[in-house]
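The data blocks that follow each hold one structure.
Look at the two complexes coming up: chain A is in both, with chain B in one and chain C in the other.
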Partner chain A sequence: MAKVLMIDYEKCTGCRLCEMVCSVYHEGVVNPELSRIKIVKWEWEGRYVPMACQQCTSAPCMAICPVKAVSRDENLGRVMVDSDLCIGCRMCVAVCPFGGAKFDSANKQIIKCDLCDGDPQCVRFCEVGAIQYVEAEEVTTVKQRAAAEKFSGLLQKVASAIAEVS
Partner chain B sequence: MALNRKIAYIDLSTGKIEAKPIPLEVRKLYLGGRGLDMYLLYNHTKQGVDPLGPDNVLLVSAGILGGTLASASSRTHIAGKSPLTGFLGSSNMGGFFGPELRFAGFDHLVIKGKAEKPVYLWIHNGEIEIRDASHFWGMTIHDVQKAIRKELGDEDIKLAVIGPAGEHLVRFANVMTGLKDAAGRTGMGALFGSKNLKAIAARGTMSIKIEHPTEALEYDKRFITQITSSKVNQTQGKLGTPFIWGATNSWGGIRTRNFQLNQLEYADDVEPERIDEIAEETMGPYHMAGCFGCQVHCRAKYRIPSGPYAGEYDEGPEYTAQGAFAGEPGCHSANTILVCNHLVDMYGLDVLETGSIISWAMELYEKGILTGKDTDGLDLRFGSDEALMEMIRRITFREGLGDILAEGGLRAAEKIGKDSVKYLIHVKGLSNLHSDERATPALALGIATGSRGADHLRSRPAIDLYHLPEPVLRKVYSSPVPYDGPLSSDHREYIGKPWEVFWQELCYEGVDCLGICKYHTTFLGATLPNFEDWSKVLYYNTGLEMSPLDIWTVAERAYNIERLFNIREGLTRKDDWLPDRYFDESCQLGPVTGAKIDREKFTKMIDEYYEHHGWDENGVPRPETLQRLGIDQEPSHLL
Partner chain C sequence: MNGILPVSVLEPTAEQTQRQTAEIFSRKEKEAKPDVEAIKAQLREIREYSSANLPSLVNQFRESVSKYPGVKVGVAENASQAIKYINEVAGETKLVSINKSTVVTNELRSGLESTGFKVYIRYFKEFKDFDKVIQDYWQLPGLSSQGLGQSFEITTKIAQLEATEVRDYIAVVGVNAVSAEDGQVFFLQHFSNISEDLNEAKKVILVVAIDKIVKNWEDAAFQTKCNGIFGLESMTLDLESRVVEQYDFEKLPPLPQGQKREVHVLILDNGRSALLSGAQRDLLLCLGCRACVRQCPIGHHFVGDGKVWSPKSYLWSFLLGTNPSTEACIHCGRCYVECPVDIDLPTLMWRAQFEHYARHGRTPKKRLLDYPELLAELGCLAGPIANWAIAKPVFRRLIETMAGIHREAHMPTFHHESLRKWASKRKR
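Our next item is the complex of A and B:
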């Protein structure tokens, strides 16, 4: 099974370095508009969420593409757009539930995360680990562990509070 | 390319807007940010201009590396003649505004005149529009940013704004972006207010072309590793700048009770660890946030734990908030720090100046120079959290004593009279950071000579405190210009320190021209990048070929223009001096007890410092210095 981007938004510091390195890697320019990843912010609450293509197994963009320009690369577990076939109808943009596909109006093409051919730059530069590149199965294990830790931590707190009272 | 961003001249009196390219020759002379701003300031103001009049110029800029892969290329510089000091006004902020200004097509804004009614600038993809801001007047820093985003229908707009303090022309009002990023010093918010300018909104989708993308990416990766692997930045990333206050307080290097003492006792509740605890309790384990492209993430997110503002969200607080709202006023509550930090963030006041001036008033009250009659019954004693919070409000809205203090220390001292000025801790009319430099002559020299007044971010040789072996110090301070004079690892020494201050001045000028944060250079860590690395980063990102020495010379050129500006506004050697307390009263607490500055040795330090600069004994740049730097014909009106 291929690797996936695992996002832990709580760790994101909102610095948007991922947006910079993504656009430089793919386009040779700094331009958050051309980045395949975007940090969506609720600045006034201190909440920052990295959003990118989820590389769906049953991808709506692939299903809706009228010219079959969207395909799945099972090797890297990613969804790719063939720009030679793409007619720029933006149906993929319309159906994607995550905003993972974007229309680059300057170059008239669809851009989306391609996992940098297996070495995602966003992951490489994110020192806090808000975005990681892990085996798909591993995501669940990591999540289970984090949830269990939180849960057991709470239980311990309750237990010690009870002990203090009694 | 990264160098095609323009300069825009905006006349708010006539509504005329003109955009021009920035010639490459000018770039090579001043790079951008603070450097080019200094050139523009000297060229676009006349001697004796009224800082709050329409002829003063307001400069807003990004660094030449703003928004590029230079690690923390987030900075915005704001300049003009200071309404607080009458000398150089220059202030710098992080956040996301500078890069966005560049994505919108501009590097430098030269704002003149005065709008008839409140306005804001809307800058997007090469266009600049002056828009009505009457309905935003009176709004806080946070509210106005939300409101303008709503009006323009774009949540990704970045803003530089003023709050009520700037509108009321409080002479130490700041300019802010986001929750807490502030160009705080020298009253640039009052300059906005004097022009009826509430805000500048920027949003752009214009690409910044990176000249050598692969190299730029790889170098940035290396740069980041170098920066985040240093212990000091790892601590910054956990505790933010409060860790410095905590560490400094432990050896008696901070000021309390308006510089009567040098250590805050019973400080448990205001230690960095306590503030970190509150951030964790209110925002969870990952509560640090970062500026554009920065991996240091030095600011804490928090919610106020208790009291009338309980639950309100903000960011920070910094070292300065601990000094301003705990050390100097003699308060001992983390909650008070967080509330006051939130208040200045909403009102748009310089946190440092605010805490200093209120603490000064507290000492005047203690000494009977100010009485209950002057304070309208407010018990303005040291340690009163309530009085502190109330005075922040009164200063902002210019009520009673607040109206007098809003004029800044020197003007207020004139009004209050008696010997109130004796207790004012300032240089060139600007309050100093809440640190005590009596045990550290190098740091004392820095604040005495800083071009914008008493300040730690103009030239502080902080690594002087680390007692580094002399060869290590020499390695740092001998590049890119060889230095074979004396150096001392002992922070109590006077010898060799003027070179450190001179070197740091040019180092900080350098980052301010590039638009990088000072935590990414030789400030708190001796191993962090400087001239050598900047030369490479500049080349990979912009294609501009500048040697480390070239960048050093740019910094020297800009620093000399700052000096010329100050001299034109009346600065003399006596302004490069410390308040009497540094010489006459010694440290009373901690390991530094007994330390004070020696007048005679300090005078010699100033001489030596002038010599390094190529200035005469009065601190005036010698003709050959100006000639060497190519600024003997200024103002030259190239831009």
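Our next item is the complex of A and C:
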């Protein structure tokens, strides 16, 4: 089973280091515009949400591409754009609900997250661990565990409350 | 007013969707995303206002656009006046780049070519050889009905851009919407042909068909966005790697620095204000998104003649007299289903054709073919002889020249005894 990017919005501090390393890794320059990941910010609320391609299984970009330049790489569980086939019509940019595909107007190419061929740099450099690269099942396990902890805490409270009353 | 006419180009962008989705991810109470029906309702309101106030909006736009000192305004009643205007503007230059606008390609292109211009569409330059995968509408994923494909935002404002390299050619570009209040101009692009033309051409002529004028800039931006939303999938169908003569505008030597560029706004009527009083008034609601092409079963037969085809432009060119009939339309009504502003194109096609015949009459050939009952009766009378004749290529050629039925068309087998006769002879 392929690994996915697990993003914890509550941990993100909005430092945008991931944007920098992403553009350096892929393009060799520090330019957040060319980054595959983007931190959407609401500064006054302290709300930071990292947005990147979700590597959808049934991907809208794959469905709309008129030249089938978008394909799925099952090994790494990622959606890839073949820049040789891409004609730059930006259909994928228009249909992606996450804003995962961007158009680089200087090089006339579509850029999107390719999980750095299995070693995501954003994960490597994220100080606070807001982005993690984990097995897909693990996302569920982590969530289940968090919910279970909350739940058991609640049960204990209820139990102690009952014990006090009786 | 700073003197520069604001021209905005809308493109598909990721920023807006990123923000919307991030909002959904991180906020507890979710705000409803505007659904397709709400967008359609707003669009219809805009279009109804603009068609109801057409003459006053034209005057208002004319006034507001002439306030920009750098802009020259031309008004053309019809295509030939527009060609004349462009000729005057062009002077020596005979090289023209146009965009894939219905107005420019269908109404002005042939006139420009006949007056000695070399006309090219830069749009096709960006995709020469490729394997087109989506061939027909049933291969389309239908994403726009799921609310995907709404991410069009203003990316370029020409007022902010410096012309770095001006080249000696003329750009005749059809706009998507303009604002009557302040004269702002809006374009939609998927490729970069329009912004290149706006940046590089020595003389830019913005062709404004009068039905593109809306109340204010917000409405104009919204209408342009809707052009993208509703025409998205039709655009995929339209990507053909057809053999189009190309001209490499980038090879043109840049003119020396400090060249003065000219911007013209050409307001084109070409029969549109005449629609106001007629039965085809609903056509003024059209925003030109070409959603009607998406499922049209006859659309394929019109690709390749260098024009931008859509059921609406098919009817429109019939009304303009450049297209002899609307009878290829099979009135299936799919364009009506697709249309975001509910223009009943099939009925309008019928009406236009009826009115045409009422005015100009029908040829005897046409009368004969319009009367299948008579044809069937004659065929039955002739019975076996007719069948024998139909099987002979010589007669089929004759029929083809006389009645216009193709020699390879499938023809019915006639029976001397009609069904009714046959039934009445049988015992009950």
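Throughout what follows, the second predicted complex is superposed on the first by the 149 of 166 C-alpha atoms of A that agree within 3 Å, B and C clash if a C-alpha of one lies under 4 Å from a C-alpha of the other, contacts with A are read in each partner's own complex, and residues count from 1 in each chain.
In this text, contacts are C-beta pairs under 8 Å (C-beta built on N, C-alpha and C of every residue); 3 or more make two chains touch, one makes a residue touch a chain.
As the structure is a computational prediction, the values presented were derived from the model and not from experiment.
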Could you check whether chain B and chain C clash or fit when both are placed on chain A? fit
Applying the touch criterion given at the start, work out whether A:G88 contacts chain B, chain C, both or neither, answering first, second, both or neither. second
Tell me the contact category for A:M51 with respect to chain B and chain C: first, second, both or neither. second
Of the partners chain B and chain C, which touch A:Q121 in the superposed model: first, second, both, neither? first
Between chain B (first) and chain C (second), which, if any, makes contact with A:V139: first, second, both or neither? neither
To the nearest 10 degrees, chain B and chain C lie apart, as seen from the C-alpha centre of chain A, by 110
Looking at the overlay, what does A:P60 touch: chain B (first), chain C (second), both, or neither? second
According to the stated criteria, A:G14 is in contact with first (chain B), second (chain C), both, or neither; which is it? first
May I ask you to decide whether A:C96 touches chain B, chain C, both, or neither, giving the answer as first, second, both or neither? second
Regarding the shared-chain residue A:V24, is it in contact with chain B (first), chain C (second), both, or neither? first
With the superposition applied, I'd like the minimum CA-CA separation between chain B and chain C in Å. 9
Note: overlapping chain A surface for chain B and chain C spans none
Provide the residue numbers of chain B that touch chain A in the complex, in ascending order. 67-69, 96, 103, 142, 146, 155, 178-179, 205-210, 213, 216-217, 220-221, 224, 228, 283-295, 297, 301, 313, 315
Sites on chain A touched by chain C in the complex: 9, 38, 40, 47, 49, 51, 60, 63-68, 85, 87-91, 93-103, 105, 108
Spell out the part of chain A that touches chain B in their complex, as residue ranges. 10-17, 20-21, 23-25, 27-34, 41, 43-46, 48, 121, 124-125, 127-128
Interface with chain A, chain C side, in the complex: residues 11-19, 21-23, 25-26, 126-127, 130-134, 140-141, 143, 148-152, 190-192, 228, 232-233, 235-236, 239
